[in-house]
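In the part that follows, the structures are each spelled out as structure tokens.
In the two assemblies presented below, chain A is common to both, partnered first by chain B and then by chain C.
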Partner chain A sequence: MKPGFFSQFNRIGAWVLLLFLVTPALIAIPVSLTTKRFLSMPKGNYSLRHFEKLFSSPEWISSFFQSATIGLSTSLLATILGTLCAIGLWRVSSKYSEVVRAFLLLPLIIPQIISAMAFYRLWIPMGLLDSYLGLILAHTILATPLVLITVSASLANFDPKLEQASKNLGASNWTTMRRVILPSVRPGVFAGALFAFILSWDEIVVTLFISKFNVYTLPRRMWNGIRENTDPTVAAAAVVLIAITLIAFVVSAIVSRRQSEQTST
Partner chain B sequence: MSNSDHTQGSLQLTDLSKYFGEFCAVNKVSLEIQKGEFLTLLGPSGSGKTTLLMMIAGFVDITSGDIALDGTTIVDIPAEKRNFGMVFQGYALFPHMTVRDNIGYALSVRKRPAKEITERVDEMLELVQLQDFANRKPNQLSGGQQQRVALARALCFAPPVLLLDEPLGALDKKLRVEVQQQLKDIHKHVGTTFIYVTHDQEEALSMSDRIVIMRDGAIEQVGSPYDLYEHPATEFSASFLGKSNFLRRPDGLYALRPEKIDIRAAGNGGEPARLTGAIKSITYFGSMQRIIVSIPDGDELEVDIDSWRNQDPLHEGQQVDMLWQDIAAVKLAEG
Partner chain C sequence: MNAIRKKINPGWILVAPFLLLVVALYLGPIMNILWLSVTDPEPGLSNYQKLYQSDTMARIIWTTFRICVVTTIFSVFLGYWIAYAMVHCHQQQKNYMLAFLLVSFWISILVRTFSWLMLLGRKGLVNDALGGIGVISEPIAFMRNELGVLIGMVHYMVPYAVLPLLVNMQSLDMRVMNASRNLGATGTQTFWRVYLPLTTPGLVSSTLLVFILSLGFYVTPAVLGGGKVLMIAEYISVQLLVTLKWGTAAMLAALMLLGVLAMLYIMSQFMKLSTVFGGSSS
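Let's turn to the complex of A and B:
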């Protein structure tokens, strides 16, 4: 049967929307290949000079490692906190726990610029301004709700009979947690860890407020690169940033598919 | 293979009640369960049978009354320390573990040596005939195989009491009959007390030593399958376990099983008919036929006869005589 007008309209609409969403990100790829010394679309000639410059510049490499350190630490901390929190709220499961949950999701709802100002005000007296710890803590506060959401989603699908079965077979609460509940919510934990990493990896607003000289993350260097000179190295850095994010997503997709193959019944 | 050490396994329930707010889920249940017995809690949904099982397992707190194992109260012992095996509705197998790890879980959380666990799991795999599936994950097994894994997992640590919550509910009918026989064999083999919850009266009749019929949270009647079928005490028992016709007589209400009625074409002489009527419908079931007869006072009577006896077929609309022996009609208590 020939697809009707409406379904064709739907299909075209979907592609247009997809293009609308990804084009801004993809623009960085041709720009990073330009031969010119300023941000521009390449005209027939391509070069990898900006990638070369990116990977040979000690500043860019240092920023890359700083971002990775902060991102991984944030991911680790947020995952631990978010998972414990999700399990705790799931356990208690009353109307009060829902209030607590709503409260914990606030960092997602509050505009980041407000959070940024709050961190700035708070971090000064605590001496955390412009330090790794300060940035990691701030990013962790922003990222923990994401983990809370993904782990809670996994727990919503968790069959409470599995917990009963474990206890019935003689396992303590702790053993049940370690051997039955945590393995069952692993996909949610992984997804949360990934989201937390990505949030920190490309976070700029809070970073601009609370870092200055000591900490210089990749997004911050890109920001300065664009503001001070229109160096296409920024585009090359953007491509690397996107590539790493994509790789992380693909890895998590493979992991979660393998997980669901194992656990689906 | 010896399972429980046979010194444990009798349960005493005394005036056991459970309220959820105002709602009474279990109402003053008192019951003595013998060691090694196959006891079935039978009732429609909402009759409190699963709640009662969950109270014995320790997953539902009791409101009042007492549960004792071999005379010692266990109401203060948490579920994980009660040492009762349980087969859950839907099995509740751990999806991320192999069959072997599922079955060995209880021993492994008890920190038993690896060698002992391996040997015991091998024994259990043999008992449920799943030796070739030890390294599969639950989702790679059929429903019947999953059910057997759940049984092996619950029996692996030799519990004195095994609780089964509608364990065959998810299986299709043909498989269910097969698994009923296996369950019975395993019960005989291990000698553990089985407490079995079901709403399926055929299951209850074919497997149990004793059946407890439950209604609205209370015990309606307790007895062997034979007792309950032949001598139902109430209208509820008579209609829930098997089918029954009810006859109102001057001295009370009587239950009459459909297969205990003899039916013949009207006016055929011989013994005088106890009731006469007209055939409303005949339904053919292969080995038997179900005949619905309209009787003069407007009621209907159901008569089951073996198909081979209906050689000269009765037909719809025909006038028939019905006869039965005195003992076939059972007088019921009316409350």
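Let's turn to the complex of A and C:
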């Protein structure tokens, strides 16, 4: 077998696989345009009625804002906690700090169903079930490890001598943190905030356990729609979610490119 | 007091808020669940005895294990394929591939599950298309069985399988492969005897990562399995939310947790865990 043939085959296969990863989601687009009242492929006729229904439905709109509120709060909290934590661990840099780091990454890797159980168990006596605070706290614990990872990655490239220089020049700890460390980890902080938002925005398993009536997030409503499997409004919602994902992706790609250009010049 | 302050690195003050939060609101209830598994409904190992007394339990664990193994094999194989192609093509093309990979990573799990529901149903697009070109006369049952669950799960897991492999492959020294070729090995020999062994850390990490994620997977099996394919995660949720049997659910959670921690330990022997997860941020 010639290597040229093999790598060609490998590359084409990889593209087919990548298309397999992305394209199935696009089926939501035609389904959302159906003229019928039930989930179906449009046969020649298209209509935007399901989008109209989506945007005029108080339930979907309220879910959208609830998810946005919870997502933004989670992102803010997780970014603060995660950034502080990453800087702290980087400062300590001992064998204990590595153990603590591994421990703090656990919420990310422990199966969500177990996390859901844990929060459900604790939120009942604490009275946090079905409340904004309960969801935000749970999502924050799940999302902060993501920030910890991205900020730690930025810190790995940060020269500790800069910190010493700042202190030698008379800056206080706080000034050094604000003027020297934070600006240089900004890409990591930004990426972490975005990931934390997406995690919360998309989170369903924990949400299913700890929310009921008062708080009804977008994934929760999607989940219901999918379980009922009749109303094409779900397809319209899916299309909106795909669009949001693509926009977020493009924005983050542009920002990270701009940031890498800044650091290289 | 001052002596203590000197000994403790001030960095810990920054770590403390999140550490306390995790210990109080996460580790605490998890420990409580482990405790429940041996105390609810009565103290003792009665929950664990169900493992070999109840056929349902054995069947659920076996189904979960089987689906996880098959998902892992397919995901890692396909992931290896993609990662290999990404490492061995031009920067421009690699960036496009990475963009595709990350977009698929980012699309909501619910959107993807919904899409498979539309594609795989009896009157779904796949059956329509196959019937239309006359390959099949009867619609194939893709859903409410393990096939559907597997398709949905592999589709979700492939990007996770790619990332550790990509990190590993990028760090390889290509001169080793060139040396192998110069010494007279064919491309195939070089791949099997040099390249593949060098990617063992990536393969192990990727396998364990996908296996861990599959083990606790809830959404796709619940929707595409349609109640016919019961996996541990869904069973736990039924125990908690419908039949309110904390003991049984806690026992299953304890087993799952133990398995996950054991796999994480093995994984940490092969690769720094933070690099595996860090890969998703690039």
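The rule we apply is simple: the second predicted complex is superposed on the first by the 260 of 265 C-alpha atoms of A that agree within 3 Å, B and C clash if a C-alpha of one lies under 4 Å from a C-alpha of the other, contacts with A are read in each partner's own complex, and residues count from 1 in each chain.
In this text, contacts are C-beta pairs under 8 Å (C-beta built on N, C-alpha and C of every residue); 3 or more make two chains touch, one makes a residue touch a chain.
Please read all numbers here as calculations on a predicted model, not as lab measurements.
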On chain A, do chain B and chain C fit together or clash when superposed?
-> fit
Which superposed partner A:Ile210 touches (first chain B, second chain C, both, neither) | neither
Just chain B (first), just chain C (second), both, or neither: which does A:Ser172 touch?
-> first
First (chain B), second (chain C), both or neither touched by A:Leu54 | neither
Applying the touch criterion given at the start, work out whether A:Leu241 contacts chain B, chain C, both or neither, answering first, second, both or neither.
-> second
For chain A, which side has the bigger count of touched residues, chain B or chain C?
-> C
Once the shared chain is lined up, is A:Lys161 touching chain B (first), chain C (second), both, or neither of them?
-> first
Go through the superposed model and pick first if A:Val189 touches only chain B, second if only chain C, both, or neither.
-> neither
Could you tell me if A:Leu129 is touching chain B, chain C, both of them or neither one (first, second, both, neither)?
-> neither
Using the superposition on chain A described above, determine whether A:Ile198 touches chain B (first), chain C (second), both, or neither.
-> second
In the superposition described above, what is the shortest C-alpha distance between chain B and chain C in Å? Please give a whole number.
-> 14
Contacts on chain A seen with chain B and repeated with chain C across the two complexes = none
Complex interface listing, chain A residues touching chain B | 159, 161-162, 164-172, 175, 179-180, 183-184, 262-265
Any idea which chain C residues touch chain A in the complex?
-> 9-19, 21-22, 25-26, 28-30, 32-33, 78, 81-82, 84-86, 88-89, 93, 97, 99-104, 106-119, 125, 128, 155, 158-159, 186-188, 212-213, 215-219, 223, 232-233, 236-237, 240-241, 246, 249-250, 253, 256-257, 260, 264, 268, 273-274, 277-278, 280-281
Chain A-touching residues of chain B, taken from the complex the two chains share = 57, 59, 78-86, 88-90, 92-96, 105-106, 109-110, 137-139, 153-154, 157
Complex contact set, residues of chain A against chain C = 1-3, 6-7, 10-11, 13-15, 17-22, 24-28, 31, 39, 41, 81-82, 84-85, 87-92, 94, 97, 100-122, 137, 140-141, 144-145, 148-150, 152-153, 173, 188, 191, 195, 198, 202, 204-205, 208-209, 219, 222-223, 226-227, 229, 234-235, 238, 241-242, 245-246, 248-249, 253
